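Note that the chains are named A, B and C in the order they appear, and that numbering of residues resets to 1 at the start of each chain.
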Amino acid sequence: MDSSLYFDLPIWVRVTLQGVAVIAVLFPLAAACSMAERKISAWIQGRPGPNRTIPPFLRWIPVVAPVLQKLGLFQLAADGGKFVFKEDPIPGHVNKVYFVLAPILAMIPALTTIAVVPFGAYLDSAGRAVPLVLANVDVGILAVFAVGSLGVYSVILAGWASNSKYPFLGGVRASAQLISYELSMTLSVLPVFLWVNAPGGSGTLSLFDVVQSQSQPGFWGGMWYGVLMPISAFIFLVALFAETNRQPFDMPESEADLVGGFHTEYGAFKWSLFFVAEYCHMIVGSGVFVLLFLGGWHPLPWVSLEMVSGWLHIAGSPVLTGALATLLFLGKVVAFIFFFMWVRWTLPRFRYDQVMTLGWQKLLPLSIANLIAYALAIALIERA
Amino acid sequence: MADLLFYVLGGVTLGTAALTVLSRNAVNSAMFFLLSLLATAGLFVLLDAYLLAVLLVLVYAGAVVALFLFIIMLLDMQGGVRPPFTRATIAAAVAATGLLTVGVLSFVKRAQLSAAPVSPDLPVVGATLKSYAAQLFTTYLLPVQVVGFLLLIAMLGVIVLSKRFEGLEDIK
Amino acid sequence: MAVIPVERKPLTLAERTYIPQIVHGLKTTFRHLVAPNVTLEYPEQRPEIPGGYRGVPTLVRDPNGREKCVSCQLCEFVCPPKAIRITPGEIASDSAQAHVERAPQAFDIDMLRCIYCGLCQEVCPEEAIWLQTQYSMTGYTREEMVNHKDRLYELGGTLPDAHLKWDKKKAAEDAAAHGGHH
């Protein structure tokens, strides 16, 4: 494939195309996640889930239409259409500017962080892996954390601008929770980057380099960091659940005690933006976890993409290896999103004081101890 | 292109900084402060100091302003009546402005800024992780330690001030 | 009664981390995930109605096709929410069933009022009204929710119960009229 055509385009066209691509990929993916969530909750509860809706003019198609109907995809389209077309009231008692701004702010970090997350790699003619990423910045993981941390503003502002008590409580809870778990999350990935940045290297925080360092030859080199650093992975996982406001940490919108939490006063399209943003966070979070701890696009521990492409005799083709890598990565992300949902429909919600105790008194000391232990171990290994 | 972006970002930084001070609503102030920080991060990006930009967003925009907002919401500060200027506040304002002016002028007049590195082998401080970290742990080790210590003292002070100690027994 | 103090066992470290419990819960939900559904696809699949189910009250005919109701109005009288309204009528004297003398001219059960108590079935001396297995009554108007006589017989069908007490009575009367032994 001739890629020079694309790179000859003026930069603003390319940037626009990339932006459109992000929206065109993430929105349907998030929507599919919402339907997957409904289906998985149904299956876990012994129900079939949404399986009825079908537009009459598609009923004649054999096989495909009934399968899509059983999977609830037409229900998804109907729900999406409903959110766009139903009345979108703004309650009289809210601060209008921030009330409208909050759902828009929710989308910004949700759609921006994906830009620095590599979603695959292809092997060029020399056999070197080249990342498939919108912006391959050196500060990858920090950029994800930095932009992701801006997501808290949408929740705080939504809670504050709604000017009523349940959203307010949800907003206060969200801000405290997100800031608390950011600490443990950042500390938990430090051992990974200590290990990646061997002395003498140029120093990198790029997610691509993390993935490549999980496919080195040898027993230690080929091991995924999830196996090598289980405690880091565990802390990151728990913090990820808290950061994405998923069960058992969905304090900001715990419907049992806060009606709907920060989005109680929202409806229609603005509410659906919050909804999509939550799933986008989940997708990006799963992607980062897969990159850091589950080997990214490498199929198995000790089995790298290069080896598999060699076995399949596609190593010479950038397109095929790129597609293989992207599929492997997406498969892992989908499996991880399934895990998110599986946990959601298994565990009850924590109490708020339990969330704070867990974050500050358990996870934070654990992550600091974990960091010190791995720093010492890595120092000893380097010395030896 | 870069020049235009610089002026736009600089204007946004200054304008939102002024609005931060002038807003009557505390939440507006915090949001303008956030915008100001983001524009500053944009300026860092123009200087190729990606790491500094990301750190600024991560620490200040992501955590500090969120905490400000959190506190504003908890205290439910709604602007309200401002206390009038007194002789003491005017004197303090004049003194502070004077000190700031002297500081900026001395920085402009006396600072010896080394010329920007021309060789591509020698990256700007703060451009890459490694150069930034190396500077932090060699040249600027003392300031970093001093600032860290200052923060620790401030934190201890807040704990002492906010916790009600009944007697000496509680402090132990 | 003796009070037996029970020592609360201290939690083990594994229990306090909560992780084995989470794993156990995940196993349980996964078992349910792959298990077959416990629900019915309602309009297509219908639940099996147990015997003795008390659904919508209906009117029945006897095996000869005679409507069993003789419009005695006991059910109308006993009905707690006054859902039943009967207009009594005579059976024409030239009919084969003229010996029964009476049958309802109109029989309405307002299903918006009916409380499915079954008192009408219990009180009926003719076993003409039965609560059967029909459980779903829907309609767009109040009028649609009133079961008229023809609808009641359509729902009720025939009671396969060959008492035929009126025919026996008639036979006995006829025999008495002819033989005169009573």
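The rule is simple: contacts are C-beta pairs under 8 Å (C-beta built on N, C-alpha and C of every residue); 3 or more make two chains touch, one makes a residue touch a chain.
Computed from a predicted structure; not experimentally measured.
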Category of the chain touch graph - line, ring, star, complete, other: line
Highest C-beta pair count, chain pair: A-B
Centroid distance [mean C-alpha coordinates] between subunit B and subunit A, Å: 30
Intercentroid distance (Cα basis), subunit C paired with subunit B, Å: 78
For subunit A paired with subunit C, centre-to-centre distance based on mean C-alpha positions, whole Å: 55
Touching residues (chain side subunit A, partner subunit B) in the complex: 98, 137-139, 142-143, 145-147, 149-150, 152-153, 156-157, 159-160, 168, 171-172, 175-176, 178-179, 182, 202-205
Residues of subunit A touching subunit C in the complex: 40, 43-48, 342-343, 345-347
Subunit B - residues contacting subunit A, complex: 27, 31, 34, 50-51, 54-55, 57-58, 61-63, 66-67, 69-70, 73-74, 128-130, 133
Interfacial residue positions of subunit C with respect to subunit A in the complex: 22, 25-26, 28-30, 32-33, 35-39, 41
